[in-house]
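Once you've had a glance at the structure underneath, I'll fire off some questions.
Chain lettering (A, B, C and D) follows the sequence in which the chains are written, and residue indices restart at 1 in each chain.
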């Protein structure tokens, strides 16, 4: 089950070209990531506090298909995936709210939906995260609560 | 009727001291302002595009009573007030979500509520806005749609 | 001696109205504050880490006189002042770079300069800071290193 | 000749984990891009105003090798490259200031330097940009001023 998060574009995230500044879109995706953790019962404040566990992002890539503007509402779809014992990735897609509704309501196979979704997304991205012991900065295994979160929101 | 807006604190708005960076709180209040405009039927994207009308903020002040942390939810109360033919102000208060609920559900007079609210708010602020013709940057009267918005959300 | 900091406006700090988003101006002033601490030999990374001492901002106010645009360079003047044993304030003024140069080079008394400066500033602001013991969040005296910093950059 | 830009990490760009929030690193690289345009005599304010030409970013990818902290100074190296008549890319590397100095002063071939640089960089990134006519959003050729900028800062 993919996690879905709704986000409204605020004025501070736009720039003088009249659209969202590119790197802010990655911030929106991170908001969705935080919301998915909270939805799995993880205490976000604890999670990001970095005592015994830190989960730094080691890679991001993002494709920007369409400009996003102030006041528009987007549905962000998020899917985590385990990559190794101490690494996972998250893929994201954002759709203008009415577009997302249309995609869901139309009658087509899962594969078609995925194709269509990729074409219509305003942005798609991937982040890679590793689990480390923060003081020594050495890798440790993904803890059970994060494995449960991956399980919950994987396809 | 005061406008109420709910906001969750995201990780990007915190700083290395572990709490929300002070000026981001003004950004949250601006989000509430945008939401109140949208709730009055004003097209935000048009509104902030600055063709015939610009509404720059000429003053802000803010008191920070309590630290705000990632994952917490806040209720922001917003009240606009007309100051002259071409100037209005907005006052804001933010409350940790459960606090706000308690304030509303308790049994006390409006005056007491206001007293209590001021004591418990995590932050309070005021912004002053002027209405100008953007090309010449000279003041013009507040247009009817904004007067209606002030009317709608005033006490 | 007032502390002077030079800042160039970046694209990410503008908004869809084509000028700097209002609360980002307070961020620029905070950058000047950080630079002034570093110029007094204070290790910023240590300072903001909040172990034995935290210095939260409890109040800010800001007047926005002129729009600031991408690519423009500003001189920010910063003056700290002790307010009590556990509280200090900082006042800030920002000038478009060439304006600031003109003010300095013209021949007038200090009082006139101050008058003129206020008129020509793109923004002026004040922040109030308190010194606290972070775990218990109770006030403690301003430590010697900060008193020295206040001394160094006061008029 | 690679373009070099120096950037100090500010408090507002850190997060509650004590290091720079990942997407802000892309903002630093964009600052370097703006500085390189200005260094080639391009009026940034005009450039980003989007009348006859817009240059949206259509892709970004970034690898985060080491955490960046408040007060640290980074040297950002930037190299643009033409990809087609209406598309160019920019590659970026950031080094903690003293590291960068060491790399430059050591005695090794260009290839070794590049190897070493990749290993020591705190972050490396690539952005892809297209040149479009903004009203119709159709692609147009890269204009001469941008071709000259690519030429100037290419290897």
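Methods note: a contact is a pair of C-beta atoms (placed from the backbone, for glycine too) under 8 Å apart; a residue touches a chain by one contact, two chains touch by 3 or more.
These numbers were taken from a predicted model, which means no experiment stands behind them.
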Contact-richer chain pair (by C-beta pairs counted) among A-C and A-D: A-D
Separation of chain A from chain B, taking each centre as the mean of its C-alpha atoms, in whole Å: 28
Distance from the mean Cα position of chain D to that of chain A, given in whole angstrom: 24
Euclidean distance of C-alpha centroids - chain A vs chain C, Å: 36
Residues within chain C bordering two or more other chains: 11-12, 14-16, 18-19, 21, 23-24, 27, 30, 48-49, 69-70
Topology of the chain contact graph, where touching chains are joined (line, ring, star, complete, other): complete
Partner chain A, residues of chain C touching it in the complex: 11-12, 14-16, 18-19, 21, 23-24, 69-70
Chain C residues within the chain B interface of the complex: 15-19, 21-24, 26-27, 30, 48-50, 54, 56-65, 67, 127
Contacting residues of chain D [partner chain C, same complex]: 8, 10-12, 14, 18, 27, 30-31, 34-35, 38, 43-45, 48-49, 69-72
